[in-house]
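Two complexes follow with chain A in common, the first pairing it with chain B and the second with chain C.
Moving on, here comes the complex of A and B:
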């Protein structure tokens, strides 16, 4: 008895203490995300402010080479192109810093925050560094830090099997990219004898191999077809902050690399340009076609990134083609289109990924088949997602339209400014491709919004989802505001980008600053369009629809009684008519199985299974991987760990070398 | 009364009444061909007025984007009517970029589809899915046609493409005919007319547009119906503009005559649609891509002319 009271007293004395301990730990845990987020915000806004402060002086820092680190001098340089990309990164980072604290709270038991933030800071720092680097070695070192830290970030939630697999696929892709990049850089060094990007020119045939290697390396990193395999694995596995950053910016770094090294280096090999054009065109179409049939929201967004990055590569290739044909003004339009689309896609794709992350944490699923009706519970996230979708579908007056219009213009001007019939035909085909892709994009994002935000909830978890915390709403809203501003102010933002490009060494030949007004124009009055659309909508609503009497009733059910959530269109059935048209590419199959004794008249169980096989993966990548691992089993026998064997190798090598030496 | 004011008045009258009369003309033609007297030409207007007096029934599932969709669609269509040169003489901005017009059409389409998905009804959603499929196929056809003429003119501005003093295109009426036909055929698909979708029958047979607007009622439905008719009229106007360029005597006619021909042309095409709808049957859904292929073929031929055209000079 006495013992019991003692223990009870003991308990009462201890428990408040342990509680405060727990809250303090909890508080510290939350702070653990708050402080690094604030730090990221400080870094990003600092960079952004210094960029803005420089104003028309875009040459921000010009650190001369001797900034010795180790044995090799690292050199950094900031010009127009670099500052554009740094600005983009800063804006995305600012929004991520709003988003991170509340978002990462949902993962506090699954992700080790120390590791996450270490990798994040390395990732952010190296991305800034890659953009700023002025020579190949600096670039490569920072590129490696970037790749490895992003792989670590992808694997942050490594308790899941899927995440482990995705991280390995991503790591594999980055290894191949780095290998190709090293090869290209070494070859270029051999040709020019310099590591500095400023000395590299790709105008002679001796540098074509290097150019091709570098292009392929960047294509892998950018997720261009047929190297896009890693994107749809990596993005769903990574935390949304990371996938927003990777899709918003890391794949753009590859585009930046192409611009910095190949475009500024004056690549003039028609074969490589045509290769880039072809790869870009295929990935545009392939990406959006696969995006349409996805059921995982983040996978859908990842495939849509492939489409957009393809479009950017097309624009770059067209610019190079125009430059080759001596059409400098057209080339400038193309490069402005590519850069502007990079910016825009970075903004709205991070917006969409952040919204997808919000859905994931609030409804606990990203599977479109289990979502639905979220707009009523999460109106702000829904509005942001809608805005981002409108932008990515290039609906005027948003920024997506502005850059898409420039890409269209590049194609359109090619149809009559070039003299070759083939190029004209290609340009017409390109316009066709872009409009088909535009239609598919609209279908894809109508599906994404309609199935996740509209209609009725398809699962319990979607039904009880609530709007996220303030930070997770503010972050996409901030990006949406930037998107709208860039779009409505396109008449200012397009010349701004053109000016920054013309100030970049290597692109100065395209136009002098005073010719700029004549070559790059944005003649569409986006601000007037936005204003008139908004005011007319407001007028129609105020004077016509607002005053109408309404009553609430259930959706028309043909008199069969209440509709269940299963009677709604599903993600698969929405995409079915389009998937059927393109089924040779998608390998789309729908299996229908009806069970029952008299199944013709009284079906008891109906089972529909939709199946799609990625040909590239099942026919090419997996067999290649199997072949390599099979071959390496034999190779492994060489390295058996036996010292006798190794001595034999040494002996054989010695003999062979001696023989070779004698003969030479 | 000065000319600018009368121009404005004429334009406003056209925007308000032309869509209604076009619908009325199609209905009247179909009725006459079926030996009926048919409703008066202004019947669509009476329908709209009646709809405006009715109250609206909304689904409990809807979030708001449903009504927003019809408002934005109408605002957008009015903006297109303001920009696009579907009438010979109208006040408006001095440039009408073809890509802008196409993407403004896409804005309406996207919101209509979202509105259809909002109620959670399978009718609306399947309608939206089919609309997405159709637009995906028909958009390249219509765009490519205009782009081909644009390539010959050297501008993506529709006003410059259509400008009468365009010497480069005076010798090639063929391309105008091709593009006009391509746009007309595309219009049949875009406006959910007969060989693709039947706007007059029972719900089970109307698969695209009527299915999407199933949940709309009252003023909301009035907005949607009017927007839809306006869209069809604008597209008809654009194909009439192309056909007019194919005939040199109209080309050189007085401005007033041209304006008159333009308007009568729109109604003539409406009668043609009425006749076509009376004698044709609705295609099976899977056959629709083949129908769109006709439109695409016209545009491809036009683009071939454009590819070859400039190089001959």
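Moving on, here comes the complex of A and C:
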């Protein structure tokens, strides 16, 4: 008895101490993420405040000698276009700084936080730098830092094989993009003799090759078809903060690059413009089609990014076409539409990625086949995801509607303002494409919301999921508020963007923003639309959907017994009709196998197997890679390890060089 | 063709060097190397006197003492310690190697005749000197290609170095003295490191046959 009391006392004396130790360590671990997050918040809000304070005044900063690369001074410039993108980045960063501390706590055993934050700060700094850079060398250096640090961030959780593979694919894509960009920049330097973007014009045929190279490089970075394959690998592998930033802003930097270099440089090659239009159109359709059939929530969002980026590229191409045809006002509308959609997509896609991250951490899965019923347990996340989805489906009064409205306006205007009948036809086809894509977008996000948030949980882990911590709810909520504000205030935000664009050097030849109102149906009667939509919904709810008294009675259920969670509409079954229609592209195969003695009337076991292969990957990329690695095997034989053989190479090279020296 | 005095000596050096691949005896090769380097030293001295650059005379003296005598002696000592006197040869039999280096001597004259060379005033540099230099480089490469022992590799490398020196001497009338001294120091250090490495290789692999060192690739 005495012994017992002793041990009890011992326990009481020891346990508080060890507990405080544990909490202190825990607190320190949480603090480790709190401080850098606060720093990111400070940087982003500082930039945002200075942007608001300074307005769109033009600044060109050339750095003094200590801050040079070799003999080259770094030069930065902040103009209208740059400040718009900086503002977007700052807003996304603010929400990520809210989100990071609680989110990263879930990864504290899997991610090296020191490395993560180092790469994150490099990433953020280089993104600001890329947007601000005023010459090609500065741009390229910062672009490289951005690519490499983001690859490091993608590989944060590198113990998984999938993550390693994704990081390598992303790294490969960025290498090719940088190579093309280098080629384009060097060619432009050869043509113009200057590194400064301000001196670059793409209006002569000697600069078209460079323009094409630069366009392709940015297309790879933006994830335009057929260079998009890195996107659906990278986003699921990266932490959600990173994928939100990458999908929200990094791929927009490529669009920014196109605007800054090609559009401001006055690209006037019809072939390149048509190429951009074609690539954009295919990406839009391809992206949303593949998004619809995905089962991984983040993969779905990644494919939807491809769709939106394609749409932005289409708008830019239309703007260039209009400029070529001398329709300055139409060009302005198109560029405003592209920029505005860039902003909007950045906002709602980061929102959706953050929500996907919340679902991933709370339900421990992103697989739509295992989710379900989360709206009951995570109402705030559900509301934010719903808001983001409404925005991406361009439902008024959200911001997605405003920018898509402008894109549609551009298309409609093109159908009757251009003189070329080919362009009219293209624009008309574009309208049809846009409507199909709009429909598929709605289907995709109805599936995403319906399967993950409604119904009943399809797995144990989804059943026990709870609402996340405050920070992870506030972050998407903040973005949602910005989305709603931009949408409702479209009458103010659109002229603001137009003004910023017209103040950008290189775009000053565009029509004045005042002409915007005359050109498009504008201001968009956003408030009226919203009001009527809400009142309609309320009326429908009151008269048709209002639940009357619930009657409870048993009914004949064909002997099937009670309903289980597996009888709900699943992700696959929702996408099946569409997938069947487009099965040549998707390589969609569904195998249905019913077992039982009398399987026609009394099925005992039903087995459905759905198979899909990405045609581009299986038919083009994998064979190409196999070819390269096969060829490399032969090339590796050159490295025999024999000193004599190496000497022979040296000898042969010397003779060849001498011969070249003699005969050239 | 009007060859100046230094040019005659460097051509003589190139011709003597072509005989080196013909012998598998290390001692003979070292003798040949000494003669070649001594001829180069004489050419350097003549150039120095011809252009009244007496810094170059010092270089000639250094070459004669350190490279023509010192290096062969030290390599002779190394081969004595390692107990090797004869190379087994590889890739080409010795007579064929010698004939191919003679062919390359001819080829280098043929190649350099049309080579755009820097024009040096006072008739200092001509294509004959360049041809001798390039021929020496070829001979060195042939020597390295057709020998198995690490000592012979060092010897081949030294011949190449001689070739580069001859090329520089006849084309630019010698490099600045300090550069020359630096190069000389590099060669000496290279030979020393090479000697030490040969001992190391002998110790770890129990032979100094480079043809068998193929496992070192990744």
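Note that in this section the second predicted complex is superposed on the first by the 575 of 664 C-alpha atoms of A that agree within 3 Å, B and C clash if a C-alpha of one lies under 4 Å from a C-alpha of the other, contacts with A are read in each partner's own complex, and residues count from 1 in each chain.
Convention: a contact is a pair of C-beta atoms (placed from the backbone, for glycine too) under 8 Å apart; a residue touches a chain by one contact, two chains touch by 3 or more.
These numbers come from a predicted model, not from an experiment.
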| item | value |
| --- | --- |
| Touched partner set for A:593, first chain B, second chain C, both or neither | neither |
| Chain B versus chain C as contact partner of A:651, first or second or both or neither | second |
| Which of chain B and chain C A:619 touches, first, second, both or neither | neither |
| Partner chain(s) touched by A:160 [first = chain B, second = chain C, both, neither] | neither |
| Chain A: partner with more touched residues, chain B or chain C | B |
| Which of chain B and chain C A:662 touches, first, second, both or neither | second |
| Of all residues in chain A, those that touch chain C in their complex | 639-644, 647-648, 650-651, 654-655, 658-659, 661-663 |
| Residue numbers on chain A that touch chain B, as the complex places them | 372-373, 375-376, 379, 382, 386, 390, 393-396, 401, 404-405, 408-409, 412, 415-416, 419, 421, 424-425, 428, 431-432, 435-436, 438-440, 442-443, 445-446, 449-451, 453-456, 523-525, 528-529, 532-533, 536-537, 540-541, 544-545, 548-556, 563, 565, 567-569, 573-578, 581 |
| Complex interface listing, chain B residues touching chain A | 55-61, 63-65, 67, 70-72, 74-76, 78-79, 82, 93, 95, 97, 99-100, 102-104, 106-107, 109-110, 113-114, 117-123, 125-126, 128-130, 132-133, 135-137, 139-140, 143-144, 147-148, 150-152, 154, 156-157, 214-215, 218-220, 223, 285, 289, 303, 306-308, 310-311 |
| Of all residues in chain C, those that touch chain A in their complex | 90-91, 107, 111-112, 114-116, 134, 137-138, 141-142, 144-146, 153, 210-211, 213-217 |
